[in-house]
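Two complexes, one shared chain (subunit A), two partners (subunit B, subunit C).
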Partner chain A sequence: MKRAVFGWLAIVLLAVPAAAWAQGDSGGVVELESRVFELGRQLRCPTCTSESVGDSSSAISIEMRNEIRDQIALGKSDDEILAFFQERYGDWVLLEPPREGIHLFVWILPVVGVVAGAAGLALLMTRWLAKARAPLDDVNDEDLARVQAAMKSGPDA
Partner chain B sequence: MSSLGTLGNTTLLLALAFSLWGLIGGAVGAIRRDRRLITSARMAASATFLAMTATVAVMEIALLTDDFSVSYVAETSRTTSPIWVKIVTLWAALEGSLLLWGWLLSGYWAVLSWVAPNTPLKPWALTVMAGVQTFFVGVPAIAARPFNSVFPVPLEGPGPNPLLQNHWMMAVHPFLMYLGFVGLTVPFAYAIAALITNRPGTEWMLNTRRWTLIGWGFLTAAIITGGWWSYEVLGWGGYWAWDPVENVSFLPWLTATAFIHSIQVQERRRMLKAWNLLLIILTFTLTLLGTFLTRSGVVSSVHSFGDGPVGPIFLGFFIVAFGLSMGLLAWRWDHVRDRSDLDHPVSREGSFLAGNVLFLAMTFAVLLGTIFPLFVEAATGDKVTVGAPFFDQATLPLWMGILFLMGIGPLLPWRRAPDQTLRGNLLWMALGAVVFGVASFAFGMRAIYPLITMTLVGWNLASLVLLVTGVVVPRLKIGQRGVAQVLRQYAFENKRRFGSMVVHFGVLVMAVGIMGSSAYRVDEQIRIDIGSSAPFQGYILHARDKFMEQTPGRISAGAVVDLERDGQIVTTLRPRTNVFAGQEMTVPTPSVMYRPNYDIYLNVASTVGPEQDFVVLRAVMSPLITWIWIGGIIAALGTAYALVPGVQGARATRDLKRGLEASQT
Partner chain C sequence: MIRRLVIVASVTAALGGLFLFGLLRGSPDRDIESARLNRPVPAFELPLYERYHASFGPTLDVGSYLGEVPMIVNFWASWCGPCYEEAPDLQAAWEDFGGQVLFVGVQTQDRGRQQEGRDFIDQFNLGFANVIDDDSSLSIEYGLFGVPETFFIRADGTLAYKHAGPVTYELLEEQVLALTGGTP
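Entry: the complex of A and B
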């Protein structure tokens, strides 16, 4: 068991500095740019095929990121900035479907799926458990004869 | 009329004829139990493979000799491309990809026809392979024809999509992807054979155990290498964007992963017959559905290169394959229903069942998110988008559940968990979880998912240590041998089990990498005058120079950036943009400094013009991202190790042979 503890320690020593680093030295610029990226990742690049404003290198995405930067400088909140783009380009520009109207389906159905799966599994499990606990059915003569024959002829038959 | 085109068309039609014979002759032979017919249909596999090899060879010759009278070459190739690009142009667009798919499938089919054990399943399995093969030869032979003749013959072509020819991964990733898709066709074929012959026991999965693992391994490797390719070429420092093409490659992986776990439950406990059949049917048909979704243009994707007329054809084949499989399953329902029992929910089979639910729930969520915009547009006419934020939120809780089960499952015995051992194990694992969680918190991590991930990594590492000590310690006690020797012997004798531990360890390494790179990345846009410098994350970026390079067929323009840390130049990066002859698109080509603890990733945000005396860089610092690729390599090695023929495999084969001999006498 001591060995196990050492194993963990070794791995902690390896993994944790990296995590520690991850906190890094963060100045104001980095926070700003990270926020720009995060907001950009929630907006669809209007001219690309299926890329976000945060990911894309297209001219319009760079412009939209600049717009986000300006709006942050004006002290707007994340929601206000997203609403600004939603008003300009429509719901379509939001990569995270709003939790309202028809969009609710896409949010609710996965939860329904998990719950239904878990419930189905629970139901099956209770049934199987009950079966395991139930006494064995009566053995009929035919089965008994087969078992005895098998035992007589050995495992390799 | 081009001679190569004619030749290619001929060999392709030959392949179609052979695979049709494999289908019809195989089916009739299997129904009538006519040995001669079955043998003849089996030969069709090798014949198809030869014809497909010839077809692919003809296409390669046409590509390498710039024979623009062949339509596929005229549409996708270019004289100035390097030779390796010409070779891989075979799969740079739809028609050629289908040739590759058909060729690899015929290879699997042929190998299967040579090595598959002579069981009652074999004729039917080969027939199903022939059916799938007929489709994958028929599409390029009839609908998406690569060998059409072009007149007048153009002097030059546009070359392949620039995003593809910009990186050597083009030579690797698609190949792996098709090997994975095609590999998983084999267990599907056996599953259908099991349903037709009404032998839904474990025979079909024992026959295909290695094929399943090979297919799964290639698919896994393909997804990870695809991520690395995206990282290297897309320019934003990420590797996965929940793009439709990524999603549809991920769906069969999810069901296949559920499958390779749940077949073990059937092997050991004779449970889940119907469920396993359903899983492999889903896996196979999801590859078809995915191809339909991304090739028909109904969902647009950054990775869909060249839409063709094949979308509806794939939809048709998907419906037919799914309908027939489900029909068969319904027909045999009385024989595949589970009549088994469960001793205790806290057991190996219990944890596998729960894992299955999570994998399938994730499949459902990802599929739903991918096709939801289609439904909404059909219902209301509105265009909507379901993007990364949705998929992250929908899948992360499920991933956490899977990581939790991955730790506990392998430690639970089949049937019933003895309370004493289980309690001891759980205590150690909880300790591991707490140590990791608290340490991460102490080092300043505050976000909830990263903390849970680290906690679960601790949980899982403890579990792996317990698994290893659980087998090593008792063996040490009974012998004089050292730890290394005991471990080596265990690993040698239990290849599958040990391989699975290695794969799970790789998954943990990847989990850490995904956690670090997605939660703690730093992204900054920096403008630097050429000759001056700017700070970034403890480094000083010196934009030393700009450059412009011209090779035949390509122009690169970029900046030379020295990275300085603590007064020393650590490395020099050359982010650039490439423009390929014949293509208008400018392809960003980032330059990366790889480090185990973090990568520094530089991409030029806009092309560096000749008159320009500054450069706009997108600088990304991505913590631990290399761990993803390392974890992937570990997982691939683990899978390969589990595939090495071993004592266990030999034993299983021997048992199977005995069982068959017994059943035939």
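Entry: the complex of A and C
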């Protein structure tokens, strides 16, 4: 009986830290894979159409994810890993274009578009309002008298 | 009124044209200029298929040729249809120009398919050295977009030209002449 109790106690004492270690380890794997996926999402799959390295199951994307994993293991930062691929594939590989040089157009153009659109709309509205508020100068006295009479007599007249 | 109609019609036509362009342009053009153009290409040492061991040993160390002789590095895979199309032309060009330019074939993006690689080489009786890039790390190092792709490297070790898609004998001849400074 005593032996059995000690046996169970030993199992529990060993199992708890082992479970905690396993949990901690899988947490690390999840964290690593999330980072690999996040970096992969920022890179364009070279052999696919409109798919990122993170989303694609093509052979080259799988190898590129392996490369990202290896570089993380080497302690490289996200910027260093992205620069690694950029150096080999050019700016094309980055799904988010760099904010410099000719790529600035991609970032500036939408803002310019929105500002120009808003300015155009404001100009049009100002014109419409000015037109609506302008006094009617081509109304003859007869029409004016009819309108005034109608307004005085009300809708039932 | 007519002016307004013209503006609306122009904007609609422009947007419609853009939509149709996106819809009909098909697969994107992969013939993108290499980021390594006119820059030194990386050296590599990879295992060779058995039939080349007698000439080179078990591995090919490209570093010992880079900067010494012009090179043509062709990337292929056993599952790639256009690679089968271009293989006879590569073999014919190697037979004619192999003395002037080092030809290297690299099986890539083809992990674990060495038997298929052997079958590919045997099918065309490829005489030039073919290495195995099993983990595709060389493919990433060279910034490969797909297979086949062929890199034409000057004698000083810099990249002269990269061709995406199958090569022809004529293209290989033209590039060999450009690399060696020869005349047709």
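Simple rule for what comes next: the second predicted complex is superposed on the first by the 93 of 157 C-alpha atoms of A that agree within 3 Å, B and C clash if a C-alpha of one lies under 4 Å from a C-alpha of the other, contacts with A are read in each partner's own complex, and residues count from 1 in each chain.
The rule we apply is simple: a residue touches a chain if its C-beta (ideal position, glycine included) is under 8 Å from a C-beta of that chain, and two chains touch if they have at least 3 such contacts.
As the structure is a computational prediction, the values presented were derived from the model and not from experiment.
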Subunit B versus subunit C as contact partner of A:A118, first or second or both or neither: first
Touched subunit A residues, subunit B compared with subunit C: B
Which superposed partner A:V29 touches (first subunit B, second subunit C, both, neither): first
First (subunit B), second (subunit C), both or neither touched by A:T47: second
Touching partner for A:M64 - first (subunit B), second (subunit C), both, neither: second
Subunit B versus subunit C as contact partner of A:W92, first or second or both or neither: both
Interface residues of subunit A shared between complexes with subunit B and subunit C: 49, 59, 90, 92
Residue numbers on subunit C that touch subunit A, as the complex places them: 27-28, 32-36, 109-111, 135-137, 139-146
Footprint of subunit A on subunit B - complex, ascending: 234-236, 238, 241, 243-244, 299-302, 304, 338, 340-345, 350, 353-354, 357-358, 360-361, 364-365, 368-369, 372, 376, 379-380, 382-390, 393-394, 398, 428, 432, 435-436, 439-440, 443-445, 454, 457-458, 461-462, 465-466, 469, 512, 516, 519-525, 537-538, 588, 596-598, 603, 605-606, 618, 621, 623-624, 658, 662
For the subunit A and subunit C complex, residues of the former touching the latter: 46-47, 49, 59-60, 63-64, 66-67, 85-90, 92
Subunit A residues within the subunit B interface of the complex: 1, 3-4, 7-8, 11-12, 15-26, 29-30, 33-34, 36-37, 41-42, 44, 48-52, 54-57, 59, 62, 65, 90-97, 102-103, 105-107, 109-110, 113-114, 117-118, 120-121, 125, 128-129, 131-132, 156-157
